[in-house]
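Quick one: structure below, then a few questions.
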Amino acid sequence: MCRWLAYSGDPIPIESLVFRRKHSLIDQSLHAQLGATTTNGDGFGLGWYGDGDDPGIYRSVHPAWNDRNLRELAAHVSSRLFFAHIRASTGTPVQETNSHPFRFGRWLFMHNGLVREFPRVKRDLLLAVDPALISSIEGSTDSELLFYLTLTFGLEDDPVAALERMAGFVEELGERHGIEHPLQMSVAVTDGERIIAARYSSEGQSRSLFFSTDARALKQLYPDIEELQQLSDEARAIVSEPLGDLPGAWNVVPESHIGIVQPGQDELRPFNPRRE
Amino acid sequence: MCRWLAYSGDPIPIESLVFRRKHSLIDQSLHAQLGATTTNGDGFGLGWYGDGDDPGIYRSVHPAWNDRNLRELAAHVSSRLFFAHIRASTGTPVQETNSHPFRFGRWLFMHNGLVREFPRVKRDLLLAVDPALISSIEGSTDSELLFYLTLTFGLEDDPVAALERMAGFVEELGERHGIEHPLQMSVAVTDGERIIAARYSSEGQSRSLFFSTDARALKQLYPDIEELQQLSDEARAIVSEPLGDLPGAWNVVPESHIGIVQPGQDELRPFNPRRE
Amino acid sequence: MCRWLAYSGDPIPIESLVFRRKHSLIDQSLHAQLGATTTNGDGFGLGWYGDGDDPGIYRSVHPAWNDRNLRELAAHVSSRLFFAHIRASTGTPVQETNSHPFRFGRWLFMHNGLVREFPRVKRDLLLAVDPALISSIEGSTDSELLFYLTLTFGLEDDPVAALERMAGFVEELGERHGIEHPLQMSVAVTDGERIIAARYSSEGQSRSLFFSTDARALKQLYPDIEELQQLSDEARAIVSEPLGDLPGAWNVVPESHIGIVQPGQDELRPFNPRRE
Amino acid sequence: MCRWLAYSGDPIPIESLVFRRKHSLIDQSLHAQLGATTTNGDGFGLGWYGDGDDPGIYRSVHPAWNDRNLRELAAHVSSRLFFAHIRASTGTPVQETNSHPFRFGRWLFMHNGLVREFPRVKRDLLLAVDPALISSIEGSTDSELLFYLTLTFGLEDDPVAALERMAGFVEELGERHGIEHPLQMSVAVTDGERIIAARYSSEGQSRSLFFSTDARALKQLYPDIEELQQLSDEARAIVSEPLGDLPGAWNVVPESHIGIVQPGQDELRPFNPRRE
C-alpha cells in the first residue's frame, strides 16, 4: 500500500503539494486515512519535468517525513509536471530501485496496489516483457513489472490501450494460476505532456483516487482563497487522498475508470482490461 | 518519543523479545499504544553484552520494521544482557550517532522523553559536561547529553545518585531559564552487570515503564506455557510497553521510581532529583 | 571487481581477518593491489555460521572502511566459518540485495568477476533458472544469477559439478551471442561445512585467488608468532589477496582450479566447465 | 582531506562541472591527484542558489561516484552559483550533518583541511561560538565549528575580516594547547552574491587551490572550443584541483591568499590571521 500524487499546470514548487497542505503527502506518510496501511515509511520518490524532455528522479529508502534532502528539493525545485510517491512495501525490499516513480526514456510510472501472489506469477510476468526491455528492469517489485508490461503493450503509442492490455494480461495470467482477484491498482503514467491515471481492481474495490476540480471553477468558487487564485487555469492534481477538506475541491475517480489530463479538454472514461 | 526494552538473564536470542512477541518492539515501531506518537520510525539501536566486558552496538537510521540487518542480528546473536531502542525524533536529525543506546566504555544508556526547550539550554548542558568527556559526544540529541551529564555526575561510582544529580541539574537549569517541566524521561543504564532504570518527569506524568514479574513466579503461574518455562530464574525485562497481555506478567514502574536489576535481589525505590 | 575472503576453523572473531591484518580486507577496500580497481567502496557483506544450520548475513551499501556497524559486528561476533566481501560495482546499483554473500537456505555464495555483456544475456540466464527458485532472486547482479544457476544445476547435491555446469552454461550461452570470454570469476560457496572455491575465466586469466598454508605447517614454520600459534590445526582461509606478506603463508590457486576446504583432507583439482 | 569546487556565472547545469570534465569532481572522488588521500568517499554535498535568496542543499553519506540521486540532481538543476564538496573524513562520523557545505541563512561554507588535535580543543572552540548560534550546530566536525566561529566573528558584515579573525583565534587557541600547526584549510564561503575563498595553513603549506582564468580571456585564447565559448563573461570556478589540463585555464591561489569572486572586478589579496 502506498500513496501518490501527480500535478500538471504552471510550474509550482514541489513542496506546495508535497508539504504545505493540511493533509499533504508527507502527512499521509504518517497518517494515511483511506489506505490499507496508515504508515507509508518504506521509501519515497519524486519525478519531475523541467526544461528538457527527460524527467529527473529522486528516490530514497528513508521515510519521507524526516528526509531533509526531500524537503530541500521540494522547496528549491519547481516543475510544470511532477509525480510524488510514498511507499509501504508489500514484501519486496526497501531499496531505491523499488521506489516509485519508475522511468523509461521520457516516461514515468507509479502505482498503488499489488499483483496478488506475485511470487507465483513473477516468472511469467518477466517472460511477457519485451526481451529488449528486460535488462532495464532494476528492482524487484510487481509495480515495476507492470510498467514494463505496459511498455511492452504499446505505452508509447497508445497509453490507454496499453494499460488495458496490461491489466487484461495480468488478470488472465492470474486466472490461469487460480488466483482470486489478481490485480489491484491505482496507477499513473506520463510522458511529460499528458498524465494518464487509472483506478481498477479485479474485485471492483479499488484503491482510492481523486482528481482536483477544474482550476477555473475552483477560483470562482473561492475568490477569497489566495492560494487557489494563484493556480493556473490548467492546473490539475490527481491524488490517492484529498490534500485537504475544502468542499468541492476533490472528486472521486469512479471505480474502473481512467482519466487523461492533457492540454485542452481532460477526459474520464471507463477502464476495460483487454485480453489478447 | 521512543520505545525501548532491556533484558537481563540467561542468554537468549535477541529476536525473542524484539520480534517474536505479540506486541514486540517491532510491532511498537508501527503501532505504539502508550506513547505520545504511534510511529517510531526514526532509526533504532541495539546494544548487547557477549564474552567480553564491552558491549557491541548496532545503530541504524532506518525504521526497525523493515530493516533486514536487524532481523539477521536479532536472530543470530544471543545475549545475557541487551538494550533495544526505537526512535521517534523530537527534532534532531535522524543519524546513527543520534540512535540509542549510547556507549561509553562498558556502559550503555538509552532514553525515552526529552529535555524541554532543548535548544535554549543546550549550551549550558554542554558546559556542565566534564571537559575530558566532551569530545566523546558524537551526536546532537538531548538524550546523549543526559548520558554525559550522568557520567560527569559519577555514573561509574554510584549510578542511582548520578542519575538523581543529573535530573536535579536539568531541572534547576530549566527553572533558571523559566522552562516549565524541564525533564521528561524513562531511562536505562547498564554496566553489563546491573540494569538501572528510572521513570521520572518534572510534571509527575512520566512516560510509561514496566518490569516483568519474577521469572520463578511466572513459571509457577503458567506451568503450561513452554516459552515461560524456558526462562532462567533471574530473567527480567524492563519495557516501555508490555510485550503481550498475559495477566500478571507485567508491572508498572510507579511514578518517580528507580529500579535496579542485579544478581541477587532486585530493588525498586523512589527517585529523588538532587540539586548541588 | 571485488575482493573477498572465506575462513573455516575454530571460532575466531571476524575482525581478526577483516580488520586486524596489515593488508586486511578493509585495507583492500581502499587499496587493493591485485584487482582491476583499487577502490572497492560499493557496499560489502558478511555471512557467518553460528550455532544453528543457517548463516546470518549483514549487508550494507556503505564503503566498508568507515562503516561502524561492520566494525562492531566484526569485533563482537565470532564464527567457525564466515565469508566477507567488498564490492566494486560493474554497473548494477549499489543496494543491499546486490551485496554478497547471497544466501539460499544454509548456502552462501560470493563472487569476484563478471558475466561479460550481462544485459544482452540476462534474460536467457533468468530463463535457465529453476522456475521454483526465480522469485527468490532479490537483486539485479550477474553474480546472484550465477548463484541461482548453480543451485539449478545441483549445488546442494554436488557442488563441484554444479559450478562446472554453471560455467559451461554461461560460456555456451555467451558463444551463442557471439561474446568473447563470457565468464570471469573467482567464486566461493559453502553449506556451513565445506567451502568450495573456484578460480576460472574463459580467457584463462582469472582474478587472483590464494589459500592459506596448512595451519600445522605454519605453526611449525613460525614457532614465535603468537597469532599463528593460536590458530586451530584445521584453520584455513581463502582470499582474493594475501592478508600480509609472511613468506610461505599464502599459495596461489592455479588457473582453472577448484579447491575444497572440508573436515579431513582438503582438495585442489582442475576446474572443467561442463556443457549439457 | 576533501575536494571541492565553487562556480559563479550564468546558470549552468551542475553536472557540467561535477561530472562532465576529464578530471571532474566525481573523478577526484576516486582518483584525487593533489590531495593527502586519493579516495574521497565519505559522503558529499551540493549547495546551490536558484530564484530565492536561500540556497538549497543536498547532502549524502554515500560516495559520490555511484550516487544516482546526485547524478539526477546535477543533470536536472541549473544554478548561477553553486558549491560541491566530496568528503574524506579525518575521524568524525560519516553522516549528512557532517557533509559540506554547511548553511546558515543565505550563507554556505565548505572546507578542506583540519583543525589539528581537534578533540583537545573542541570544547574551547564551542565556547567561543556566539551562544545564540550554538544550538544551530548539527554535526560534529571541526569544519562546521570553523563556520560558526566565522559567523561569530562577523561573517555577515565583513567576510574577509571574519575569516582572518577565525584563523587567528584557532591558531592562538592551538598555541595555548601547545599544538604545532593548528590550522590547515582551503575554505570557501558565499552569500549567493560573492564567493570568498582562502588558502591558508599555520605551516605555510596549504591544501591546493586554483581559480579559473577570466572567461573573456579564455574564450579569446581558445576560439575553437565550443564549451568555453558558451561560458558567460563573468563565469569563474574555484577548485581544489584543475578539472582538466588545458594550458592557461587554471591558476594557483598563492599560499596565504584570499580571493573574492564578485560582480565587477574580482580580487586576490594576502590572507593575514588576526588575533584579538
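In order of appearance the chains are A, B, C and D, and numbering begins at 1 in each one.
As a convention for this text, a contact is a pair of C-beta atoms (placed from the backbone, for glycine too) under 8 Å apart; a residue touches a chain by one contact, two chains touch by 3 or more.
Quick caveat: nothing in here was measured; it's all calculated off a predicted structure.
Chemist: Would you pick out the chains that touch chain B and also touch chain C?
Modeler: A, D
Chemist: More C-beta contacts across A-C or across A-B?
Modeler: Of A-C and A-B, it is A-C that has more C-beta pairs in contact.
Chemist: Quick check: how many Å separate the C-alpha centres of chain A and chain B?
Modeler: 41
Chemist: What residues in chain C touch two or more of the other chains?
Modeler: 68, 93, 96
Chemist: Could you classify the connectivity of these chains, where an edge means two chains touch, as line, ring, star, complete or other?
Modeler: Looks like everything touches everything, fully connected.
Chemist: How about chain A: which of its residues touch chain D in the complex?
Modeler: Going by the criterion above, the answer is residues 48, 50-52, 55-60, 68-69, 72-73, 75-78, 96.
Chemist: Give every residue of chain D touching chain B within the complex, in rising order.
Modeler: Residues in contact with chain B: 92-93, 95-97, 118-120, 122-123, 126-127, 131, 134-135, 137-140.
Chemist: State the interface residues of chain A toward chain B in the complex, per the touch definition above.
Modeler: On the chain A side, the touching residues are 30, 39, 41-42, 61-63, 65-66, 68, 89, 93-94.
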